[in-house]
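In what comes next, chain A is part of two complexes: it sits with chain B in the first one and with chain C in the second one.
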Partner chain A sequence: MSLLRVDDLAIRFSKRAPAVKSVSFALDAGERLGIIGESGSGKSVTALAIMGLLPEYAVLEGSIQVDGQEIIGLSDAELSKLRGKVMTMVFQEPMTALDPTMRVGRQVAEAYRKHTTGAEQPTARERVVDVLGKVGLEEPERVADSYPHELSGGQRQRALIAMAVINEPSLIIFDEPTTALDVTVQAQVLELIDAVLAHTGASCLFISHNLAVVAQVAKRVLVLKDGEVVEAGEVGQLLSAPEHPYTQALVAAARRGGGDA
Partner chain B sequence: MARKIAQRLAIFAVCLLGSSLLVFLITAALPGNVAQVMLGTDATPEAVARLSAELGLDRPWPVRYFEWLGHMLVGDFGTSPLSHEPVMGLIGPRLAVTGWLVGLGIVVAILISLPLGMFAAMRRRHLSGFVVNAAAQVGMAIPAFFGGIILCLVFAVWLRWLPANGYVALTDDPPGWAAHLVLPVLTLALVQSAVLIRYVRNAFIEVLHEDYLRTARAVGWTEFGALLRHGVRNASISLVTVVALQLASAIVGAIVIEQVFNLPGVGTLLLSNVSTRDLVVVQGTVMFLVLAVLLINALVDIAYVLIDPRQKSGVRG
Partner chain C sequence: MRRLQLNVGIGLTTVVVAMALLSFVWTPFDPLQVVPADKLAAPGWPHILGADGFGIDILSQLLVGARSALLVGIVSVALAAVVGVPLGIIAGQNGGWLDELISRLADIVFAFPALLLAILLAAVYGGSTWTAMVAIGVATIPAFARTSRAATLEVMAADYILAARACGTRGAKLALKHIWPNIAALVWIQASVGFAMAILAEAALAYLGLGTPRGTPTWGAMLRDAQGYIFTDPLQALWPGLAIAIAVLGFNLLGDGLRDVLDPKLREAR
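Now for the complex of A and B:
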């Protein structure tokens, strides 16, 4: 059975044109799927729909099943039990994704405590420092005691990845996780994502506008344009023989040197 | 951080000096003369001049200003030429009344405006959120004295639940003290929360779009839970400043409300001495209120440095 199954998903915001017209795909346990498309193609909206994070005025049709459970129609409270435990998401902008008034370690510990029982809570600190170390942060103790503004963008994104994986969810969605980072840091964070996925065996949905970046993490890719899937297949096949003109343009951009991110 | 606090205290001192000059010049420029009031309207100009000289009122104003300032620095706010009582002695017993009124008024205002402002922000696309916001708008248009009179009419005159005016000390009769304070505190709180609700609403609307709330939800918070846990902390940074400004305006508002409910507070003292032209008491009382307002603002700015970790290191981001 698929871990994630999206069937004929359509998303509209009030009376405006649909952001997602018809998207269907499935993701097996441990599988990594890239979603690629330009801004406005509906890739981030699809991800937010899977997480149940769209605003309440969004109208959803079709079906999203995570681990056999239908997501559409669940209440915020029911969804919050799945978020962070079964599925989680890492966002594009690490500079603003952490609460500026709270120490990083406490924010990571909060993600842990949210899904653990009282008995495990006294060990939260140890667990936080352990995970911060595992995502490649040097001096994890010091990072845990830092405020976000005392860390670099790369360090913050690592901390956010630590926050995402601390409960070992089955599905992690990355939405342009390296776009806001410096080129050298991008490569390191992509390596980390690859290592974390290999270590935990989590499934991954990796969203980017850049085929070269997606190719480093995912084996299979979905190409989205104007809220519809225009092409899908293995990364290698897509790179060597793109069928849709839009995919051909993306491949050309990737060949030119990875585009801007 | 120590440097920032020192800077803030320096600003406080400069403001205090500037406002003392202002208070002195305004009261010195006021028409009317204590000597004239003491001697009555049928006194001869010679008698008035003699008494003015006795009270030292004929000396040039810079001399009188620095003398007044010097005395205040050692805690002497002057002595009333009419009642022969020291100004501090007059303010002292009235301070508790105004203190309770302003303190409780602000606390109740925060208790009213925080949940309502949050509600108005979260439900801003719904009728219910709009109604709260509109009610706050209307509330802002109602002057404190009018609101006080309405509350007094309803709860004291018609329903007879609470006393309409007067005051008893907390130590003499705690239930009576509370009963006498309910209406004035409520009046002040309602006026203040009408303003605060709109600030709270705006602060939370800003915070609602922040990425860290989405992060918090992605790891297991509900929308409301994330707002309580992370939104309130961040919104409070901008709200602390607003509450401080409101506290200053509450002190001014208390002067009017003390009149409506006939409370023997600092405001009543000030107004009764304005009408008798007892300028020494007026100057002293106004200066005392200015000191309170400036002190609150300085303390809040220092608190702000302590709340926001980015302020400590001087880095933002």
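Now for the complex of A and C:
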């Protein structure tokens, strides 16, 4: 059975043209799927829909099933039991995704405490430092006691990844996790994502506008344009023989720019 | 310029607070003692700012009057903030019908000026410091609710709220740990401005005889007493008027100064 199943998903905001017209795909346990498309193609909206994080006025049609459970129509309280535990999301902008008023360690611990019971709570601090170390942060103790503004962009993105994986969820959605980072840090974070996924065996939905970046993490890719899937397949196949003109343009861009298209 | 505003604000409010504190340990004369021989004494010695129509020392009354100005300010602003801020956060966080309900209730309360509420309360319970504080406090609730709601709406759109929600945080925990710390600065600014409004309202109520009753000197009551001598001895009205102006100006400048220092958007715009 698929871990994540999206069937004929359509998303509209008020009376405007739909942000997502029709998207269907499935993701097995442990599988990594890349979603690629330009800004406004509906990839981030799709991700937020899976997390149940779209604003109330968004109209959703179709079906999203995580672990066999229908997501559309669940209340925020029910969704919050799944978020962080079964599925989680790492956002694009590490500079703004950490609360500026809160120490990093406490933010990571918050994600942990939410889904653990009494007995494990006193060990939260140890667990947080442990995970911060595992995502490659040097001096995890010091990072835990830092405020976000005291850390670099790369360090923050690592902390956010720690926050996402601390409960070892089955599904992690990465929404352009390296776009805001400079190229050397980008490579390190991609390596980390690869290592974390290999270690936890979590499934991953990796969203990007850059085919070269997606190719480093995912094996299978979905190409989104104007809220519809225009092409899907193995990364290698897509790179060597893109069928849709839009995919061809993307491949050409990836060949030309390599890094930061 | 922005530092100047803040510093002048801090300076003036410190003067008012110091007056109130000083009045607990020392006043030149008993602020209630009537000395007929000193009636309308000119500023000089021993009455530094003169004496009023009853022969009571004006400086002593001014010092003691600062107490009730500050007391009313603190209690009414605290009341307004304790009720208004949680309502504003709830409205901004949840949206929908709850937001609509809270916002419309705030509009309704906002339609009643503090003065009208005070007259209502004074008519029912008799004018006292408490009715003044409650009336001013209740009338200020919408200001706090609206400020907190607007700030919450902005914070709710921030990435860190989305990231916290993506980890399962919601409801009261989200409000206390992520929303409140990020809107607290704005609430403090609102409190400072609200304080100035409260002092002004308190003086107005005392002037009308709807607030603190006779027996406790207040700036508003001093103004009322001075009114009869406005053409013969205008200095009588000058002193309490000056005290009110200093307090109101001080807290307003403090609020504006804080806003300029704390609000990053304004900081970048300069």
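One rule holds for everything that comes next: the second predicted complex is superposed on the first by the 259 of 261 C-alpha atoms of A that agree within 3 Å, B and C clash if a C-alpha of one lies under 4 Å from a C-alpha of the other, contacts with A are read in each partner's own complex, and residues count from 1 in each chain.
As a working rule, a residue touches a chain if its C-beta (ideal position, glycine included) is under 8 Å from a C-beta of that chain, and two chains touch if they have at least 3 such contacts.
All values reported here derive from a predicted model rather than from experimental measurement.
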Check your understanding: Do chain B and chain C fit side by side on chain A after the overlay, or clash?
Key -> clash
Review point. Who does A:A77 touch here: chain B (first), chain C (second), both, or neither?
Key: both
Review point. Touching A:V59 in the superposition: chain B (first), chain C (second), both, neither?
Key: neither
Exercise for review: Once the structures are superposed on A, label A:V183 by its partner contacts, choosing first (chain B), second (chain C), both or neither.
Suggested key: neither
Review point. Touch check for A:H149: first (chain B), second (chain C), both, or neither?
Key: first
Practice item. Once the two structures are superposed, pull the chain A residues common to the chain B and chain C interfaces. Key: 51, 53, 76-77, 80-81, 83-85, 88-89, 91, 93, 96-102, 110-111, 114-115, 160, 163-164
Check your understanding: Can you name the residues of chain A that touch chain B in the complex?
Key -> 51, 53, 57, 76-77, 80-81, 83-85, 88-91, 93, 95-102, 110-111, 114-115, 147, 149-150, 160, 163-164, 167
Review point. What residues on chain C touch chain A, complex-wise?
Key: 95-96, 158-160, 162-171, 173, 177-178, 181-182
Study note, to complete from the structure: In the complex, the residues of chain A that touch chain C are 51, 53, 56, 76-77, 80-85, 88-89, 91, 93, 96-102, 107, 110-111, 114-115, 160, 163-164
**Study point:** Complex interface listing, chain B residues touching chain A
**Key:** 125, 210-212, 214-225, 229-230, 233-234, 237, 307-310, 313, 315-317
